[in-house]
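So, here come the structures, one by one.
Two complexes follow with chain A in common, the first pairing it with chain B and the second with chain C.
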Partner chain A sequence: MKRAALLLLLTVPGAALADSAMPAAALADTQLPDPAQERQAKALMETLRCLVCQGQSIADSDAELAGDMRALVRRRIAAGEKPEAIREWLVARYGAWVSYQPPLDAVTWPLWALPLLLLVGGAWLARGRFRRRRA
Partner chain B sequence: MALKTIRWLLWVPLILFVGFVALVASGLVTPSTHEIRSQLIGKPLPDFALPPALPAKPGLARVELGQGKPRLVNIFASWCVPCATESAQLATLKRAGVEIDGIAIRDRPEDLTRFLGRYGDPYARIGADRDSSVQMALGSSGVPETFVIDGAGVIRLQHVGEIRPEHVAGILAAVEAAK
Partner chain C sequence: MTAELGLAALWLAAALALLQLALAAMALAGREELLNGVRPVAVVQAVLALLAFAVLIRLFVVVDLSVELVALNDASTKPLLYRFAGAWGNHEGSMLMWVAILGLSGACVALLERRLPERTLVATLGTQAAIGLGFYAFLLFASNPFQRLVPAPAEGQGLNPLLQDPGLAFHPPTLYLGYVGLSIAFSFACGALLTRQVDAALARAMRPWVLGAWVFLTLGITAGSYWAYYELGWGGWWFWDPVENASLMPWLAATALLHSVAVLATRDSLRAWTVMLAVVAFSMSMIGTFLVRSGILTSVHAFAVDPRRGAFILVLLALYIGGALALFAARAGTVQEGRTFEPVSREGSLVANNLLLSAILGIVLVGTLYPLLAEAVTGEKLSVGPPYFNAAAGPLALLLVTIMVAGPLLRWRRDRLAALGRRVALPAGLALAALIALLVAAPGVRLLPLLGLVLAAGVALGSLAPLWGRNLRRTPMFTWGMVIGHLGVAVALAGMASESAFTRETLVALAPGQTAQVGPWRIRFDAVEPIAGPNWTALEATLQADRGGAPLLLKPQARFFPSPPTETSEAAIATRWDGQLYTVIGKGDEAGRWQLRLWWKPFVTLIWLGGALIAVGGVLSLLGRVRRERRAAERLAWL
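The block that comes next holds the complex of A and B.
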């Protein structure tokens, strides 16, 4: 009997134990009444990273903290805040990591420069080949 | 192109490949850290005021922190398993004279009462953060986390995850340094 109870306990998924008993925040899964504001909020949510399920945006994640972050985004958009101001507020707390739109700065410039450099390098290589064939 | 240069260039793809394999192998061997650190270390606490999480204990507001003495702010929840394992270490810190305030994330009074009855109650105050908004304002991304706040209300240290016995000395040192 005891063993059966233990086995049953093993079937309880770990996530069920790591969640609170509270319902989701008011605006976590409820759209804003104003469609234009909801569109802004949704667009922002898709470019913010969930702190728990770290490969997902907060729009996609079922984590409780992601729900609370969606509620925060909707609350602030409804209060008239600009999406970029909300992004900055979160980046000031969690670093650029939380945003899926990395800024162009000292660390990230190779991301932008590398494709250009590869294109230029490729063109230079191709040019050499074409010239040889003509000769 | 001179033959010598071409012979040398032939090695480039192999070198690149070996470099790539080394990069992937090192990524497989070293465990990736998923800790997201708060960017507010060394900065003053943001303003907040949380209602009491329990009727018998005061809530927690920004004005009560940074009143000349360093304090710990422990972010926890009754539904969080590692929070239970760090209770012994919080008790040790309290015995060493550290004042500890709590922020209970998404918690209900009845669950909290049961949790504190079972694992001990080291908190002077407990604020109820029902929608994680103060947790987000502090740049904290999970439970448990512990912040050392100095006497002027500046965040001095963020401890991510449960406080294990080997962490106590470091936290005590941070509290001492924050005096």
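The block that comes next holds the complex of A and C.
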């Protein structure tokens, strides 16, 4: 079902193809000609979950759906879209599950505050261990 | 008959665990004459558990299809190695290996440990038996590996082809020896709390066992990372997958424990904290087992998704971790924290080490469980993956590595910052030089990899600093162990940063005869041919890689396994002194072109070389400590 839905999305008109001679599916495994754009696309792909795989990003999966999603990311990057806009677009359709980068919102702020909380809490616990330097 | 023999051995082992627990409890309650009975029972229990495990291996090797587990996971067409190792490539078999190693750990303590007071040792073996009982029950009532299947099928269903790799023979046993070996530290801690004997002697007794488990854990994680790297075919070596995290968490806790044990053994300080860490380390092993075995987290490692089993392990977890924490809470008040020290001191740096490792552990634990929590609260699924872990734990890890240089150069109890500054001037200078060189020669490297490379240079030199000005032949072996272990961290860090900063990727569709460029390499695609292996068929590409000098021949394969029907890609990897060339063949198209994935990964091998060095450092420390204590004991005997 999901794959069918995604294929439908892929054929939505509007986003221009990077290279009109290049079929959409080929972009699954073909780098964009502009290295800067390819870097952006790759970085984004590494943070998107392959929805049918077991804990793999779309950048490291052989699944067809992952290939379709890679093609989608490359096509939209080539059309000049910002990576974060593409992420939002995908999250809007598939939920936060699709993005390995948790957003910063009411549900996830404790997660992002965690490193600081742990360090401060740990330092507070450890402070009793130290002896003051005698003057 | 064989399967029933295994089942009988398992029941007997469980009964002996019960006996071991009862004897230990009665001995501690005042029946002193029972103290001597506990050690032999622990040994026999281990022999029986190992016998059950050996029986299962035999059933897999001879492919006894009348046993359900064998029929589901084995096949007579599999090569011998995978029939053998396939015994633990499934839920029941891996849990049986778990309890066999648990029994083995207890037996090793019973046979070898002579430094602990006898009552503490008996309390330790009692704790070990209590853990064993729960997991025997789990096997016997919820995961019986010896269940018969009537009628027996003509052929088994085979093993997941991703697991059909020599890595399966090495990675799980090593990892489990580490995971379950940590139970010894846990039992020591509980035993010492029960008999109120938390002191430097406990730490000295505990240290070799912690080191041993930690070495296996290090090797297991390193091997697992390399296995994933070459087997999955996309060139990644760490994915922050929940199961990887499950193995990383005990390692982080054990690493912290290793260092706090050193403080307790040498300075008789951090008593309660060390005991707490010993409890936490094995608790992380059990939590990891729960996460993997219950299948509540999606992962390539989750063999069986069975909520009943998950609930069973969850109850065991609550019992053991809760029990240990309750014991800790009840006794913590009676444990003196020991001597104090100044912030700028060896102890101070080790406290910072423990603080940072614990914070990273907290990040990994919460990050792994957060999707479950969030889903339970809001009903919406979310993912926590590499972007979070790298951003949250990465900077802390780099800070930790920096402190790692300073720690060994500080004196115990008190030291001066100015003196430390002089000692680290040279490594700091090298790091600065590396920074300038990188900014000039390779602009555009991202911040985290850049910091990683710079730190790796400084840390590599700084980790050797404890040897400066010493007579190297008279330097104790455990000091060598520390130096080599710390050097290994720098080496691994250099590999990770280099891989992240300098990897070159080329994805192309080529027809035979065409060429492509990846990094410095020119790759010519010669041909694709079908070939057949013992239980698979494959399309094998022939590639020639050339960067001046003799060309390399690479033969990546796309394999097809008929049972169970699966396609895998076997990457062809060429290792050079300065990195690895990683090639994969994908699908073909109508025009006769084949999809190729090519990577040049400079110095990526340092990641695993570093891991191996860390383990070597652990082994040297272990041997050095044991040797020194033996000498001390001999000297005592002379007097």
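Keep this in mind: the second predicted complex is superposed on the first by the 105 of 135 C-alpha atoms of A that agree within 3 Å, B and C clash if a C-alpha of one lies under 4 Å from a C-alpha of the other, contacts with A are read in each partner's own complex, and residues count from 1 in each chain.
Everything that follows uses one rule, which is that contacts are C-beta pairs under 8 Å (C-beta built on N, C-alpha and C of every residue); 3 or more make two chains touch, one makes a residue touch a chain.
Just so you know, these numbers come straight off a predicted model, no measurement behind them.
In the superposition on chain A, contact is made by A:Leu114 with chain C only, not with chain B. Contacts of A:Phe130 after superposition on the shared chain: chain C is touched, whereas chain B is not. In the superposed pair of complexes, A:Trp97 makes contact with chain B and with chain C alike.
In the superposition on chain A, contact is made by A:Glu46 with chain C only, not with chain B. Residue by residue along chain A, chain B and chain C are tallied for touches, and C comes out ahead.
Of the two partner chains placed around the shared chain by superposition, chain C is the only one that A:Gly122 touches, whereas chain B remains out of contact. In the superposed pair of complexes, A:Gln54 makes contact with chain B and with chain C alike. Overlaid on A, the two complexes show chain B and chain C touching the same residues of chain A, namely 26, 54, 95, 97-98. Chain A meets chain B in the complex at residues 17-22, 25-26, 51-52, 54, 64-65, 68-69, 71-72, 90-95, 97-98. Listed in rising order, the residues of chain A touching chain C in the complex are 26, 29-31, 42, 46-47, 49, 54-57, 59-62, 95-103, 107-108, 111-112, 114-115, 118-119, 122-123, 126, 128-131, 133. Contacts from chain B toward chain A in the complex involve residues 34, 36-40, 77, 79-81, 105-108, 111, 130-133, 135-139, 141-142. Chain C makes touch with chain A in their complex at residues 232-236, 239, 241-242, 269-270, 297-300, 302, 337, 340-343, 347-348, 351, 355, 358-359, 362-363, 366-367, 370, 374, 377-378, 380-388, 392-393, 396, 414, 505-509, 567, 569, 586, 595, 597.
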